[in-house]
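We just call them A, B, C, D and E in the order they show up, numbering each chain from 1.
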Amino acid sequence: MNSAALNPAAASDRVASDREARLTLRRERLAALTRYVVLCAVGVVMLYPMIWLIGASFKTNAEIFTEIGFIPSQLDFTAYLKGWKTSTEYTFATYFLNSFLITIPRIIVTVISCVLVAYAFARFEFWGKKFLFSVMVATMMLPLIILRLPQYLMFKEFGWLDTYLPMIVPSAFATDTFFVFMLVQFLRGIPRDMEEAAQIDGCNALQLLWHIIVPLLKPAIISVIVFQFIWTMNDFMGPLIYLSTVEKYPVSLALKMSIGATEEVEWASVLAISVVALLPSVAVFFAAQRHFIEGASSSGIKG
Amino acid sequence: MAQVSLKGIEKVYGNGFKAVHGVDLDIHDGEFMVFVGPSGCAKSTLLRMVAGLESISGGELRIGGTVVNNLAPKQRGIAMVFQNYALYPHMKVYDNLAFGLKLAGTPKAEVDARVRDAARLLEMDHLLERYPKQLSGGQAQRVAVGRAIVKKPGVFLFDEPLSNLDAKLRANMRVRLTELHRTLREQGRASTAVYVTHDQVEAMTMGERICVLKDGTIQQVDVPTALYSRPANAFVAGFIGSPEMNIREARVVGGDAGAVVDVGGVALKLPARHAERLGVWRDRMLRFGIRPEHIVADLNAPGVAGTPDLVEVEGVLRFVEHMGSEVYVHFDLGGVPFTSRVGAELLGGVDAKPRGALHRFGFLMGQSHAFEPEGSGRNLLL
Amino acid sequence: QEATLRFSWWGGGERHETTLKAIAAFEARNPGVKIKGEYMGFGGYQERLTTQIAGGQEPDIMQINWAWLATYSKNGEGFYDLNQSKPHLALKEFSAEELRMGTVAGRLNGLPTSYTARLFVWNKAAFERAGMKLPATWDELFAAGKAFQAKNGDKAYVIDGELYDMILLSQTYIYQKHGTPYVDPTAPKVAMSPQAVLEWVQTYKKLVDGRTATPLPYRASLGGAEKPTEQQPDWVTGTWAGNYTWDSVLRLRASTLNKDQKLDIGDFLTVPGAKNSGMFGRPSLLFVVSKRSKHPEVAAKFINFMLTDPEAARILGLTRGVPAADSQYKVLVDEKRIDPLEQKAFAQIKAAKDAGKITLPSPLFESPRMQKFMREVFEQLAYGKITEQQAATRLLDEGNALLARLK
Amino acid sequence: MYENKRLGFLFVLPFVLGVLMFKLFPFVMSFALSFTEYDVMNPPVWIGTENYEQMLTKDPLFGKSLGVTLFFVAMAVPLRVGFALFIAHVLNFKLRGINFFRSAFYLPSILGGSIAAAVLWRFLFAQHGLVNIVLGKLGLEPIAWLADEHYSIWTVILLFTWQFGSAMVIFLAALQNVPISLYEAAEIDGASKTQQFFRITVPLITPVIFFNLIMQMVHAFQEFNGPYMITEGGPLHSTYLLSLYIYDQSFKLFNLGYGAALSWVLFAIVGSLSALSFFTSKYWVFYAGEKDHK
Amino acid sequence: MAQVSLKGIEKVYGNGFKAVHGVDLDIHDGEFMVFVGPSGCAKSTLLRMVAGLESISGGELRIGGTVVNNLAPKQRGIAMVFQNYALYPHMKVYDNLAFGLKLAGTPKAEVDARVRDAARLLEMDHLLERYPKQLSGGQAQRVAVGRAIVKKPGVFLFDEPLSNLDAKLRANMRVRLTELHRTLREQGRASTAVYVTHDQVEAMTMGERICVLKDGTIQQVDVPTALYSRPANAFVAGFIGSPEMNIREARVVGGDAGAVVDVGGVALKLPARHAERLGVWRDRMLRFGIRPEHIVADLNAPGVAGTPDLVEVEGVLRFVEHMGSEVYVHFDLGGVPFTSRVGAELLGGVDAKPRGALHRFGFLMGQSHAFEPEGSGRNLLL
């Protein structure tokens, strides 16, 4: 400070640059603030339906269709109770259990088969690779509804109707090509250094997959799990077509159970149970989201 | 039984670049072979081919007698230290080291013992619980070395394994790696080692033989001292030794006993043995070489005067580099630059003289070399 | 007799509960017989049924919409012919008309649970607030719009309905005036004269331009043209005061009204001297039996139980509308299970029916393609893309062509 | 090891079997159906290429629907992918409460085609809805979003964009594979955060951007829920996407043969666009794990 | 105006590890400062803090007088060579070099000129069209250096920039970087340079001052020759110089003129100046230090005999390392190991003797050192 005082030019220089430092700080805070503002603004649009849903689950029918606000006039959980009990022979506990009976095995077989196939596509050279890859991408391009009937007929021949097999077994053969393609793209973006080291360390292909690729792909694999969970939970058409026994219905089907075409609907119960039905998906996502941002390979060696 | 033999090995990269041009080399079982050569001369490429990480475009690679061209890395019985470390980012240091052993089904207790041994050897016991991203460059490099040595394989491949260590640690590691290699050999579990380095001291002290590469071809393979004193060509001569040998265009003048080399107009009398060998080169241009330590700056230093084949000449001082115990003196001789390397106490007063001043140097011509003028510059005195 | 039969239906909570109970009652009465309910909401029901039929895996007993009969059983062979199980069926409980409605090409494919027709449903409270009385003639209706708006603001409309409701409303007027519906009930052709068609179109325009009916674009702008009336805030609060709709949805329409509103059934507007009521009535739901059923007799017995048994009536109540079968209807009337409004609606329909003033519409009229076509034309009209004349021409020419193709 | 052809094939074997067992028959059958007239109740009748001829020459609705679909895809895909990338980028910062936001932003995608989403959308775009209120505040004329054939498609496009969650999650995961040291280097090189994003992040996650583009394109071409829930294809078919048309033909009008033909035409369009993308990807997608460039 | 000044700088890593303990250092504008220190001593950490890549846990960092603790890297006017290169994998070498310039809005022609200049300087013109993964380790490192030097910033930060180059290229680069730095200074655009290296030659020849670090604290900052001849403590003495200084436990015995150090029972007579300074240490343990080059092996070599303060002792030979022009002789003195470094021609016959044989060595005691026995071992003779 002293030497600066002796040299006015330097002093003013320093004042100026100190100001710049302060400005930077302020700019950074401002940036953080704007980030929050943007996040909150977008967040409201994102969250609104959920909040509305929860609010509406306490409302009367008349309120639901007139008041767009989400604060109900009373807090009354009977809608939840009623919704949970359902108008069927079973409570939602059964339907949730069913959903998990479909979802969990499906996730397991999906992850295993998709990672394996993606690994092959991304790293190996083999005959017909390009062709198979095109086939894989192509299978996603035909509208599903047109495949519905043929698939139904096929599973009928297999004797799989009214079982969970049509929703689980195909996934065991990497037919959820969305995930395969996704994992392939991820893998192709990851350098091979670690794999080389592991080969030297004596890994065979499967060990390589398990010890190196899987950890490196963790964020992608977690998203596969989350997607498959949420999508399977939400899947309505599959169970609708293949399941006929009410006892086997998953949540997605059971949810729409009490919405006829001509009967009055207790919307509060319907919405209440929709809220409950969303909970597992939300919970799974919330639990998993940490892992999207904790990739193993993000931890490069720094210099 | 892990001799490594390369026969006509070639490598062409995907972009068409030919990195290795027919390399023939036999590395004996248990031998410690060092690869040196300029940056980009294909040292890593060769190592990676031996490891099985890079496909072999031509030639035959044998390890322990078996052709391994198409064998997977894990079947080759090797361990490797990568130039860029390639640590597993998701594993702690301990697991990085233990990984290979675990894969091999080594009992847990032994894995632990070996990992801790290696960590101690590499002075990184305290780092075992860290993740790679929490390591400094040199620490990471030691982990990379550790990963290789815990395995005690048939063939060790080291790609510049000590480049990021400080001199002291490096000297330490050098000794320890050498000892490790010897110990294994003495225990009858000889490991062949192929060691890439750009450090002359490492090359000279560790290598039982040194292979000098340039642009994907072998220039010379020999024991260190031979490489130093009898370089096969000008390239090897210039590459080995630091500061590098003075190699300058020159002309042989005069016959037999009176033959001299003329460098920039200054005549340096050749020893009889050299003169004889260079007879056919009379009046032709060649390349004359002399190492900096064979040019003395203090002619009055005791013992210098009587040296056989000492040629005294007058040079123009350019500048002086102090390197602690020794000093490099740069000067011109008839307009041609030379460097002399002398002990700090044998300066003969050069450091007191200004740039451009004259000074008398002594050339120990008995230690001088002569190379062909063209191409790789074959050593004419061998 | 050991048999397990599958029975599929869609519906809401009450329908599920009561039906399951009815099944239990049936099973108690028929030891050895098991009826497996495969029930769900309306969404996706038809897709599933179609797929199942295509795969030959449909349930033994199915609940379908009457209009679907034309699709699933064009020539009467789509379902089991219930005539083959006559001994198990109390067919006398049903009117000849009702039986005819379940019959295709001489085969009795299904039996109706109830009969439903379109009626004028008014929010009496809203009219009272406007100081108006319920329209009693068509002209009153056409004129009501402006008066209503003058009182209740320009968001107020006398009658709401989505496009199809309005098409039907206008058709009723023309039917009464010209004596024919759009589609000939007996032959696959347009029955209206060109003049009648034009007036049909004009009537629609009149309703809308006269501010009587909610205009299509306005309705669309509020959140989708096909959003049901009871979900419209303006309906809930009584800003919109009426609906031309099935008697079976009365409760649905009432279910969202706030406490200040009160529904009533209006007079069925009739052009003086009209020969036909123009009322659009038909069975609502049918029970049908799969032609592949291994136990068609048991199925028939079950249907019979559901539709004619007094005990079943007590259990089921009005969950599938006012029962078509006399005995069941009586039980409910006796036990006062039908509330006055529904009673009133039913009476209105019954009166017209008994007077022979309801003619069964052509099944083709409700066929999906026909619907799509009519909607398209009227939508274009509503958006002013075509003139009334153009719309009339299209309805006539293209309508005829389409009907010819559909038959 | 990766050159081991047999091993590679062994690993894709599940997929090969999966295709043979579960995909081949439905594909072949739907293709065959596209040459028939099939109303489910009666066996299909072979009519050759009539469905295709009908579609291309006599069916104005097909042209309309295709146009709407192409417009939808052209708008919705870049919007969704761009938005997802942007938000993923923002959500990748270490901020307090970021976990909450990440979940919040994914919620719409969990809701999927539920009524809540429909209710929200109708609320936003209704005549007196939020969007028009905002427009009004800005001094603009309100727009009859759901009733005006020129704007209705935008409600569907925006709904598609709004449910950007899964693309966002994939981007988030991809962002983890960008080594931090490269950001450091770029920072030293004087790149602003924006420049880092476009010059470092984007190029390095091109494999995943490419994936999202392709997949969202495929999804957009098959988008059904949005228009079905909000506009039901109207008004005046202005939101009548091909998938709605296929659905109507197949399951409402029982024209399964025609529906199949429509589907295969859609397939051909999506397929050729994807092939085109794959072809161009060589020039802009960077694969760090690939052995050689070229 | 780019002096860099660190005041009480501290760094605590996320895992609680304290890497830097209050570092104070002033680097003058345009100075070439070298950081050396053992692996993991926080050289990179300090550099990264100066660059702004690592948050500063405590203290104040100024560049050009401004406190920059909270300034973003790009506002600090720096260029950096990363220890791990951190090349942009998706850009060709050319673009890697040009990136920073383009961002700064430099005209295209100038970008091109500067990139090509740098490429020529670093001998990598032929690599400009390659992608980083097509480079060898040394080539990649040169690109990393190139990326920094094209920018001509106020402050250069080099983190072991030449570690992967061969000796020859390295010597070359060393000279070129030094010249670049000088040229810039002469052109009045002085760049301050902070240069981390573990190579003694680089440190000694390039550094105008050298900062020796250990465990996150500064041991000594001084010009190279001072560091070598007057190390502040035993750590610096041992760290600088290769092979390292012999530093052994010893005891000062006897007074004044007759004082000796007793190493393993062998008495080494101290020069008068040392004896005087060490007076207070009589009969106490301390650490005695002597560099290997100050132990001669050939007492008969001309000029040795007369050297002042030469002490002759008999050692037990252990082994001899040949390093080309010089030789390291390892021997024991009263059971304590010592190393001597001598010219290859001044061996005095040691190489002919077997292991365990006796040999007479000469200690040049005038050059010896003495350090405190505990802690960092302060130099007692300063």
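In this text, contacts are C-beta pairs under 8 Å (C-beta built on N, C-alpha and C of every residue); 3 or more make two chains touch, one makes a residue touch a chain.
As the structure is a prediction and not an experimental result, all values here were calculated from the model.
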Remaining connected clusters, assuming subunit A were absent and nothing shifted:
one piece
Give the chain pair, either C-D or A-C, that is connected by more C-beta contacts.
A-C
What chain lies closest to the overall centre, CA atoms only?
A
Farthest chain from subunit E, comparing Cα centres?
C
Subunit A to subunit B, mean C-alpha position gap in Å, rounds to 56
Express in whole angstrom the distance between the two chain centres, defined as the mean CA positions of subunit B and subunit C.
95
Based only on mean CA positions, could you tell me how far subunit B sits from subunit E in angstrom?
21
Mind checking the centre-to-centre distance between subunit D and subunit E? Centres are C-alpha means, answer in whole Å.
59
Name the residues of subunit C that each touch 2 or more other chains.
47, 54
Two or more other chains in contact with one residue: find those residues in subunit E.
44, 72, 82-84, 86, 89, 133-134, 159
Mind pulling the residue numbers of subunit D that touch at least two other chains?
1, 3-4, 40, 123, 179, 181, 184, 204, 206, 251, 286, 288, 291, 293
Could you list, by residue number, the parts of subunit D that touch subunit A in their complex?
1-12, 14-19, 21-23, 25-27, 29-30, 33, 40, 87, 90-93, 95, 99, 101-112, 114-117, 119-120, 123, 162, 166, 169-170, 172-181, 184, 204-208, 210-211, 214-215, 218, 221-222, 224, 243, 246-247, 250-251, 256, 259-260, 263-264, 266-267, 270-271, 274, 278, 286-291
Can you check the complex and tell me which residues of subunit A touch subunit B?
193-194, 196-204, 207, 211-212, 215-216, 218, 296-297, 299-303
List of subunit E residues in touch with subunit D within their complex:
51-53, 72-74, 78-80, 82, 84, 86-91, 99-100, 103-104, 131, 133-134, 147, 151
For the subunit A and subunit D complex, residues of the former touching the latter:
32, 35-36, 38-39, 42-43, 45-50, 52-53, 68, 113, 116-117, 119-129, 132, 135-147, 149-151, 153-154, 170, 172-175, 177-178, 180-182, 185-192, 199, 204-205, 208, 219-220, 222-223, 226-227, 230, 234, 270-271, 274, 278, 281-282, 285-286, 289-290, 292-295, 297-298, 300, 302-303
Touching residues on subunit B, where the partner in the complex is subunit D:
13-15, 55, 72-74
